[in-house]
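Each of the two complexes below includes chain A, the first together with chain B, the second together with chain C.
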Partner chain A sequence: MEARSIWERMMRIDRRILYVILAVNIIAALMARVAIEPDVPPPVKRFYDTVEALQPGDMVMVSSTWSAGTLAENQPQFEAVLKHLMRKRVRFTIISFAPPARDISHRLARRIAEENGYVEGKDWAHFGYTPDIIIAIKGMSEDIAQTIRQDVRRTPIAELEVMRGIKSLKDYKLVVDVTPSDTLGNWISYRPPDLKILYCPTSVMAAEAYTFLDSGQILGMITGAKGAYEYERLLGIVGLGTRFINAIQFSHVLIIFFILLGNFGMLMQRRASAS
Partner chain B sequence: MLFDTTQLVVALLWIAGAFALAIALIPLLGTLPPRGRFALISFVTFIAGLFFAAEFFLPVGEDNKNILTDPFQKMQGSLQVITALSLGLGTYGLVRLHLRNAVQRRPQWGYSLVLLIAFVVMAFFSIWNTMAEKGLFGIERTQLLENAFTLLFDYTLIQLDATMFSLIAFYIFSAAYRAFRIRSIEASILMFTAMLVMIGIVPLGKLISDSIGLPAVQTAEMRTNPFMLENILYNLRLPQIAGWIQETLNAPVQRAIEFGVGIGALAMAIRLWLSLERGIN
Partner chain C sequence: MDWLNEFLPTSTERLNVWIGVICTFAIYSILYRENPFYRFFEHMYIGLAAGYALGPYLVDVLYRYWWEPIRIEGAWGLVFVVPFGMYLYFIYSERYGWISRIVIGALIGAYSGLAFQMFSSRYLPQLHGALTKPLWFPPNATGEIFLSNIFNNWIFLIILISVMVYFTFSFEHRGAVKRTAILGRWFLMIGLGAMFGNTVMARMALLIGRVYYLLDSWLMIRVGGG
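Up next, the complex of A and B:
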């Protein structure tokens, strides 16, 4: 059997070895207590400034359409945004356009609300799962009580204390869309014209949103767990984003290192074949 | 109370009437020749589409409404019901398929059995949980429900879902190592751009830029004089390069793609509305 060169062996490395290297890298990075100060990008700063400009008692809609698949990215965003809203003593309602998103966001919001002295029904409410986003946004733009009818606890919308003085989305100050799905286009198209939009996509979805940032149709954006980390630094809190950021950035470094290594191996193999 | 008894009875009568009408229409449609059936379906589709288009395009009055606004809001409710019904249809199809697999002992029927058991157990505790949450029929939250739902939802479903998605990172890592090769100019540009963005967007990009002495802040003087050496050095910071790639290169390309997709979707919508789309046979 012909002996393989080191470059050839490197090119045929078993994928399980790569998986173990990545897993070890992620575990080590999650355990590391190193915090590198971020360069907060303008979309995150604008997001923060928009929430910061809210007055106590203002109303915000949080559109939470994410499930466990994107938990690592959307949960840090969701938690950071809710904590900021509660710090500003802003009223908010949550709505989900995917069935699993309802339970996850309700349980999380309930926990964060308890920690921050928010009372469900009085300071915040969860509208539950609604099947069709376009119909829901158009309907809520006219009359929320007629469109949604009741919250997750079966209380009629009109009887919720948090909805006092609120008839439709026109009475809201802004909407925060936390999602890995393509729901942003629907909010932009069908919301009342004066309702401002803030966006929390996963990292892969963020690339598509720059066009809306550029046009001013969304005012700010938190990109994945990395964006949540930057937001947490602005808020001065330690959340999931802070815990995840090292795993993200050191995985990036590892991927780049292995891409370079693979290319170097390919060049050396070519050179060896040529000679 | 959301509904009083009279409203409930009227609603039930409406549902029963609609159901009876649907049952009666199916054999009636069956008696029509195929061309007549197609014409009828096309006509109904066109009228339904026309309703939504007209509601959007008709001018509104001072109250921000036109003649179709109120009926449109009523239609929204029925559309939500239809969307919700599709969930039931999907569930029926799934259960029917896997039940048949399990009963007839088809190949890999064990997986179907696992699916059915998981489906029934999860549905049972989820429905129980929702009923307890809403206080329906006097059902209360018990310790058994709390433990079972937490075990199934928090510690099983969420973790499985997250694990499935996390596996992508490992596949990407393996694929990037094996497939990302500089074999052409385009591949080289793509690779180095990707690397710049990957490092530039994370805090390490800032750390590297700071450590090689690039200016951390853009002063007002630097902004007014873009060709100043300090300003050029500032723009060479990794976060600035990554931001420029995302906002100046990526955004127009995304806009162009979305514009193309939008026109395609419009053309497809018109074809569907006019029943010109034949679907896949």
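Up next, the complex of A and C:
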């Protein structure tokens, strides 16, 4: 049997071995108590500054259209944003445009609200699932009570204390879109013109949003779990973003190492076979 | 011993965690090899997702927007809305298929109108932003940051033009046009590479989320913290 060179052997590594190395790397990084100071990028800083500029009692809409599939990316963002809103003592309402997004955001918001002394119906409300985002935004821009009718607990919108003095989206200060899908375009297109937008996409969606940042159509952006970590640092809290960041960084280093090693091995193998 | 008591599925909360763990291991077992355990949980997950969506559709849509307005407000005109929507199902009939086109036509008409509004509010500000970027120092400009803005704006302009040239197929690319198009292709590759990097980051975060769940919720090891 012909002896294989080290490069040939490297090109034939069982992918399951790489999976195990990746898993061990993630576990080790999650357990590590190493703090990496982030260089907070301008979109995250602008996001923070926009929320920071809110006054107590201002109204914010949180559009939460994520579910279990992107929990690791969107949950850290969602939690960090809600904590910041509650710290600023602003009122907020949550709306979901995907069926599974309703319960997950309601459950999380209830937990965070209890921790921060917020009362559902008085300080915040969840509008539940609404089927068509365009119709919903256009309707809410005119009359929220007529468009949404009831919150998730079946209380008529007009009877909610949190909605006092609020008729439509024109009375809101800003909307925060936490989503793994293309809901941002609809918020940009159909919202009242003065309503500011902040964006929390998954990392996959972030690259496409830079055009909106550049044109000023959105004011700030938190990119995935990494962005949530940067935001948590600005807030001075330890959330899921902070817990994930070491594993994110170290798994990236490992993957870059694998890519370099694979390419190097392929080049060396080619050179060997050419000679 | 206390840890073991807390660890075992002796309460509803712990039972939920254990079910989550079994589902996680079942789905990740595909990484080892194709197996019936994975297949069963994959189908169960898809079925659950579809079934779960049915609840909000019934409660948040049909009940909230259709049944209650009829029952409480007496909006009897809405009685015809659901049958009208169900005309869509005539698409499966050769004889009555034309009825479904009435609903499809109404939907296309409505969304065509909305698309006009979408274009003006989504793309015009971007066009305006792209065309009004300063490429040199205006008279009142000062500061180092502004210099970096000018530099960025030039890069933006070069990328914009070269990528647009790359996608211009009305004439053959030759000479300077060809070189510009090649430059545009390189810029596109860099952009797509950045997007792919972000995609890898997202997928990694999802994996990390699951590992975190196993360590924190299942094994009750307090991890991370930066």
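General remarks:
Definition applied: the second predicted complex is superposed on the first by the 275 of 275 C-alpha atoms of A that agree within 3 Å, B and C clash if a C-alpha of one lies under 4 Å from a C-alpha of the other, contacts with A are read in each partner's own complex, and residues count from 1 in each chain.
Basically, contacts are C-beta pairs under 8 Å (C-beta built on N, C-alpha and C of every residue); 3 or more make two chains touch, one makes a residue touch a chain.
Every value quoted in this text rests on a predicted model; they were computed, and no experiment measured them.
Once the complexes are laid over each other on chain A, chain B and chain C cannot both fit and instead clash. In the superposition on chain A, A:E142 makes contact with chain B only, not with chain C.
Within the superposed three-chain model, A:G220 lies out of touch with both chain B and chain C [touch as defined at top]. Judged by the touch definition given at the top, the superposed model places A:P131 against both chain B and chain C.
Of the two partner chains, both chain B and chain C are touched by A:I245. Once chain A of one complex is fitted onto chain A of the other, the partner contacts of A:D39 are limited to chain B, with no touch recorded for chain C.
In the superposition on chain A, contact is made by A:N263 with chain B only, not with chain C. After overlaying the two complexes on the shared chain, residue contacts for A:L71 are found with chain B and with chain C alike. After overlaying the two complexes on the shared chain, residue contacts for A:V253 are found with chain B alone; chain C is out of touch.
After superposing the two complexes on chain A, the stretch of chain C that clashes with chain B is 75-83, out of 75-83, 129-137 or 165-173. For the contact definition in use here, the residues of chain A common to its chain B contact set and its chain C contact set are 19, 22-23, 26, 36, 69-72, 99-100, 130-131, 149-150, 207-208, 211, 214, 223, 226, 229, 245, 248, 251-252, 255.
Only residues 13, 15, 18-19, 22-23, 26, 36-39, 41-42, 67-72, 99-100, 103-104, 107, 130-132, 135-136, 138-139, 142-143, 146-147, 149-150, 152-154, 156, 207-208, 210-211, 213-214, 223, 226, 229, 245, 248-249, 251-256, 258-259, 261-263, 266 of chain A touch chain B when the two sit together in their complex. Partner chain A is touched in their complex by these residues of chain B: 2, 69, 73, 76, 79-80, 83-84, 87, 133-136, 153-154, 157-162, 164-166, 169-170, 172-174, 176-178, 180-182, 191, 195, 198-199, 201-207, 237, 239, 243, 246-247, 250-252, 254-255, 258. Put simply, chain A touches chain C in their complex at residues 16, 19, 22-23, 26-27, 30-31, 33-36, 69-73, 75, 99-100, 102, 128-131, 134, 149-150, 185-186, 188-190, 202-204, 206-208, 211-212, 214-217, 223-226, 229, 238, 240, 242-248, 251-252, 255. Within the complex formed with chain A, the residues of chain C that make contact are 31-32, 49, 52-53, 55-57, 59-61, 64-65, 68-69, 111, 114, 117-118, 121-122, 125-126, 128-130, 191, 194-195, 198-202, 204-212, 215, 221, 223-226.
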